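Here come two complexes built around subunit A, the first alongside subunit B, the second alongside subunit C.
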Partner chain A sequence: MSPRPGFVLDVDRSTPPTLMWHGEGFRLERLPAGSRIVYPAEPFEPIEDPDFAIRQAVENPMGDSAPLSALLRAGMKLTIAFDDVSLPLPPMRAPDIRQRVIEAVLDQAATAGVDDVVLIAALALHRRMTESELRHALGDRIYDAFAPHGLLQQHDAEDPANLIHLGLTDQGEDVEINKRAATSDLLVYVNINLVAMDGGHKSVATGLASYKSLRHHHNVHTMQHSRSFMDQRHSELHSSNWRMGRLIAASGVKVFQIETTVNNDPFPEQFSFLAKREWEWSLRDRAAFLAVSASLNRTPERIKRNIFNSMRSPMGLTSVQAGEVEAVHAATTEQVLREQLIPVEGQADVLTMGLPYICPYNVNSVMNPILVMCLGLGYFFNMYRNKPLVREGGVVIMSHPTPWAFDPVFHPSYIDFFDQVLSDTTDPKEIETRYEESFATDPWYIHLYRTGHAYHGVHPFYMWYWGAHALAHLGRVIIVGGDSAAVHRLGFKSASTLSDALEMARDVVGPHPSITHLHNPPMIMAEVT
Partner chain B sequence: MKALLFERSLPRYAAARVASSVAPGSAARLGPLHLTEVEEPALPGPDWRRVSPILAGICGSDLATVEGHSSRYFEPIVSFPFVPGHEVVGELADGGPDDGARVVIEPVLGCTARGIAPLCDACAGGHTGNCERVAYGHLKPGLQTGYCSDTGGGWSSSLVAHRSQIHLVPDSMSDEEAVMVEPTACGIHAALAAADPDLSGPGLSAATVAVIGAGTLGLTVIAALRRFLPPALLLAGAKHPEQCRLAASLGADQVLDPDGLVRGVRRHTRSLANGAVLTGGADVVIDCVGNAESIDSALSMVRPKGRVVLAGMPGTVKLDLTSLWNREVSLSGAYAYGLESVPGRAPARTFDLAFELVAEAGLGQLVGARYPLDRFPEAIAHASAAGRLGAVKVVFDLRPASRRPTWRSA
Partner chain C sequence: MSGLSDKLSDALADRLGDRLSDRLPRLRVPRRPSRFPWAPANWPTAIPMPPPESRTGSDYETDWARRYGVRVARAAVLDGVIRPLVHGIIPPVVEGTDRLDGVKGPVIFAANHSSHLDTPLLLSVLPRRFRHHMVVAGAADYFFDTRLKGAIFAFSLAAIPIERTKVSRRFLDLAAELLDAGWSILIYPEGGRSTDGWGQTFSAGAGYLSVRTGVPLVPIHVAGTVKALPKGTGRLRPGPTAVSLGSPITPGPGDDSRQVAQRLEASVAALADEFRTDWWQARRRAAAGLSPSLSGPDVSPWRRSWARPPATNRNRRATSSPGAGSDTPWSRR
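Right, the complex of A and B next:
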């Protein structure tokens, strides 16, 4: 039986309260009658034999690529790059899909007699993965075979000795990427595609790039001209990466792209109520919700965080494509949209959303206020094609505790960005002009990025730029249940309840607003007409 | 006359110390300070004038005294019982020349006031704050008016001041501005102590200066730096929103939470860090708080061979000075006032500079709550929590009710 598609529910008096994520917890909120709720599709059935599907994909490549086995030969230099800890969300149950794919590639490389193999985590300016995170993504067998010999590397965007400048695009964009990857006879990129923005040329052109290269598309102009960055047809972020990717290919870098999609089934059995429609909750679901909520209410924040961070997703593989980058990515995107795209008629005055505990940049740590902004106004707001779910000048209401809390190991520059930049201005353009360079070139942040597990000094800027389109589009942003000092520092309004927030929204959009709630995650991509 | 009198009483001293530890600001009800009738102080000599206080401020050192936290260092250089209050604007009230004129008291009781001749080296050089004879001469010991049993203090309706201590207040200056002259002089002195002793150099024009604390002292230091010795970058640590606003308006380039100041200094100086201590750091750090935590913080954010100026009164603190030793940091004190060297100017009395700065920077705005003497417990409690309550300078208002500002005019 095919899964039920996502749909839009019109709220009436009989509609039960709606479950909203609220960080490491949930809220049940009753939306006003007449509101709409966009529900995600049910998850697709995963492929029964993923290893077989992977082998089939690499031997039946897309585009003008030869099969992987034909590209491998003794004496060649092979680099396998893979998506980092920011994907998938939550981390998936072992074996991770990257492990399955890389084992398949390594088996073929071994058969072909390839000895010079290096694995590279494509971090871009993200933090270095910890040993346990690498072991989880790759499996112990791969980790133990490569890491002790220095053959499992993490891309270092600040290592001039291991970067190579391949040239400028026709728009004058520097293309500077990992030298080992660029000078290999074959670069295999192993991707996990969770949303429509992931993958394609972005994998190499972003994941293995330097700051010098990244700054051409990770900037306010690009983000404000990506409407949305989840929609390749209207994304300047996409266009820039594609220009770079084509230059990489033209420079002679041979990329064999392997992309995978996973089904929209992010939460384990004990949290299955999160993916269900509230009126379909069984007695067991209600009991689970009550038990989980009661238990979370009594649990200290740090322990709650640990519980959620240890959550492993049961998501399964729904497709795997391999071969030439653009042909592969076209098929991948089609599959992602097939699983996530939901038609929505018309924009609302107010868009509400519950934000979960996790986003791509706080895996195994706290979601700090900057990441709250990024998740809500960067990712969720941009989960649209055609036009945003909320009208220009409208209001976004997000539910999240938004603690004034930071992980000092993972996010040191975020702390300074919050203290020293946002206390001065929240305007993305002004922030970019006045502050970006000093953070990006700060030797302390560079040291922590290269030797510790810190995001690069410029990373909080990118998170802020991620929300630049939304900031320019919206009339007001309200956070429900957040730390009010932190919320104010972000430049947003703070409300203690959803009804207070709706009352505050009425000051901006009028007394009878239309309201749309994004029941996300599981992931939703809205086709707004 | 009515006065707040501070008497030597070990039980009350201990009670104040305990009370202020348990409930900050509560010491005035239990401690050695009490409101009483006392004789007006006698004029010690012909060069002395009687002054009726108009406004008298409550300073951090007053709070430390009232709350039983001041150092025993002071015991030989004060005399009991004394009437506190050294931030004073008053009126000459003895029928002498300029009778009725408003004056500000420069409270240091140096050699001249004490009738000591010849003057000690410090007084002879104009550095009265460093007087070597504050416990000698014809007056009882007392480093300042407000700590000497012979002179009285501002927390009363009458005190006596030597003519060398008296500065006439121009008509253009309000009472609120005038009462800020003495604390501003302290801020100026601390700010100028940040300079290289040899001011033939570039001053601080290429320097990064960090100011810890944004109470009265911190704010006046910031204002003084901006006017007399502007650094290339002036960072301030401030805890409360009103302090942040004032620090920025008085000239700080960036105002940060006290916990974030070291991070701000690190970033602006592009320093690395060894544990909690920066490898580089600010050229000068002016500590306007003066507790172990703030001094420790100052030492962690000053650069090697940099300077920490201790402007806040410290008392007994426990410190790890290894970084000071290892990084060859200079730690210097800044107390009171005297004769100042300002780049590009002739040497000037600190009080003269203070009159100028108070008027130019509008420092009368720092005066917040005003209390009559008989509400002294509330006044002390308010001053003790000034930052949190959005106030900077809390004062006793000794004007008759008819001259006090109404809430509208205030």
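Right, the complex of A and C next:
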């Protein structure tokens, strides 16, 4: 049976309470009659034989690219770059799709007699991956064959010796990327596309770039002019990356892009109720919900986090395409939207959403308040085409515990950003002007980024910019069940219950607001007309 | 709800006075939990309700009955209970197990069918390498019409549901999947038990399955069970039975399912003939296309009953099968 598409449910008195994520837990909330709930589509069936599909894709490339086997020859310099730990979410069950694809590429490279092969994790300004994360993404075979010889590298955006400036785009944007990748005879990029923003030229132009290059599109202006950055047609972020990608290609860097899409099936069997419509919960689902909820209520935060961080998603490969970047990415985006896009009529006064425990930047760690803002106002708010789900001047209500907690190893600059910057101002433009430079060039943050597992000093700024469009668009942001002090530091309002939050929202949007609830994850992209 | 308990307590205080009411325990009416998720959620009125999912008949799921633990339990019941009962009540003579020598993989056993005893009989006498890794196609409308019956037959006989009137895609997909996984299948191509002891026309289902999967068909002729427990009666009459296994039929590249089904029916007819006469006579008649029909003469019911062949062949050496069920070939005369 083909998967059922996503849809919009009109809430009436018969509608059961709705599941909302709440960090490392969830709530059942009853929305007022007249509200709408946007439900995701059921996951597509995965490809039965992914290895065969991968071999077919690399031998039947898209665009003007030759098959991979024809591009490989003895004596050449081959670099394989791949997406880092921020994808997919949650991490997928082994074998990770990157392992499958890279093993297929390496098989062909071995057949062609290619000796000079280097693998690079395309981190951009993200933290370096740990050994276990690399082993999970690539598998032990690859890790043990390359890492001991220094041939498995992690991109270092602060290593001047291993960066190369390829020039300026016609908009004056610096294009500076990883030297090894740029000077290879062939750069194979292995990507995982979870949402419409991923992949394409962004893979190389962002993933392998330096701060000097990234700052041209990771800024407040770009974010406020990306409506939304999930919609390539209206994304300034996308346009900037495309300009850079074309310059990279024009500079002679030969990129063979391999993009994959995975189905919208994020939760393992024991948590399958999280992806089901409430009225279709079986006895087992209800029992699982009650048991899990009761257990989580009695579990310390740290253990809860460990439980969720150990979750591995059963998502399966739904498409793989390879070849020339733009042709490949057009097919990839089409596939992603086919599964995630849901038509929604009209904007609402209030948009509600439950935020889960994970976003791209806190894999295996706590979601700090800045990342809460980024996930809600950066990612979920921007999951639209045409216009936002909530009207200008409207209210977003997010459910998340928003603890005043940071991971000092992964997010050291976030701590200072929260203490020093947000206590002063929450205005993205002002933050960018007054503070970004000092954090971005701070030698201690750079040292931690290069040698430890810390996000770059400028990264919390980017997270804040990620929500800049929403901050400019909204009249108020309310967090339900959050740490009041942390929520106030973010510049938002705090509410104990959803009813309280809706009451507070009425002060902004009027006494009879229209309400839309985004029932994700699994991922939803709203086509708002 | 707590408001109700407060009102009750206040009313009591008015009646009895504050001092007395203070000595009484406060009335507590337990708070009723909201129904969902303790009970199923309401189906939203905006969502059309799909027809209820059938979990009986051909939709009955039997995966659980093939898990390792269940298989072990079934093997214990089969070898420890059913097999001794079969050998004690309807002692079988088994012929032709040598024809399965060298057949390693899964096969489709196809037998004539005249009694509920056929399945326990066959499960008792087929070689061990097959019978403990075999499913039985059972009529969906009879064996799986309730979940309890489905569970009993799925456990005891490793039954899987098959529709009698048509070759359903669900059954074929499941059967093909099981054959692929190494399971053999026992199927009754007549679609149901004989009503008068004569056979019925074979449907093409077994042939189709064989053509589709390339798995050989093994024809089986069963005799004697119709006398022990005929259709329509619940009274068991102990007596001898006989099982003859034929040579596997492997579909050729150009064979269609109907041709294979006809070959199967002819093979079972030849086995029936062999059972009543001897191998050489039966072979000669089969080669000439003159094997007696399984379905008997097309005459009035009483004459069909009159003409029905004996349930067992008393002229032959009625030897119980010491090697039956083992891989030791049965020595033919």
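In the analysis below, the second predicted complex is superposed on the first by the 529 of 529 C-alpha atoms of A that agree within 3 Å, B and C clash if a C-alpha of one lies under 4 Å from a C-alpha of the other, contacts with A are read in each partner's own complex, and residues count from 1 in each chain.
Going forward, contacts are C-beta pairs under 8 Å (C-beta built on N, C-alpha and C of every residue); 3 or more make two chains touch, one makes a residue touch a chain.
Computed from a prediction, not measured in an experiment: that's the story for all the values here.
Placing subunit B and subunit C on a common subunit A by superposition gives a fit, with no clash between them.
When the two complexes are overlaid on their common chain A, residue A:Glu158 makes contact with neither subunit B nor subunit C. Of the two partner chains placed by the overlay, only subunit C lies in contact with A:Phe289; subunit B stays clear of it. By the touch criterion defined above, A:Glu278 reaches subunit C but does not reach subunit B. The partner that reaches more residues of subunit A, of the two candidates subunit B and subunit C, is C. Angle at subunit A between subunit B and subunit C, computed from CA centres in the superposed arrangement: 130 degrees, to the nearest 10.
By the touch criterion defined above, A:Asp10 reaches subunit C but does not reach subunit B. Once chain A of one complex is fitted onto chain A of the other, the partner contacts of A:Asp83 are absent, as it touches neither subunit B nor subunit C. When the two structures are aligned on the shared chain, A:Glu176 is found in touch with neither subunit B nor subunit C. Look at A:Glu29: by the touch rule set out above, it reaches neither subunit B nor subunit C.
Once both complexes are placed on a shared chain A, the shortest Cα to Cα gap between subunit B and subunit C comes to 37 Å.
Interface residues of subunit A facing subunit C in the complex, by the touch rule stated above, are 9-12, 14-17, 28, 278-279, 281, 283, 286, 289-290. Only residues 415-416, 419-420, 423-424, 438-439, 442-444, 447 of subunit A touch subunit B when the two sit together in their complex. Touching subunit A in their complex are the following residues of subunit B: 254-257, 260, 263-264, 266-267, 270-273. On the subunit C side of its complex with subunit A, the touching residues are 34, 36-38, 40-47.
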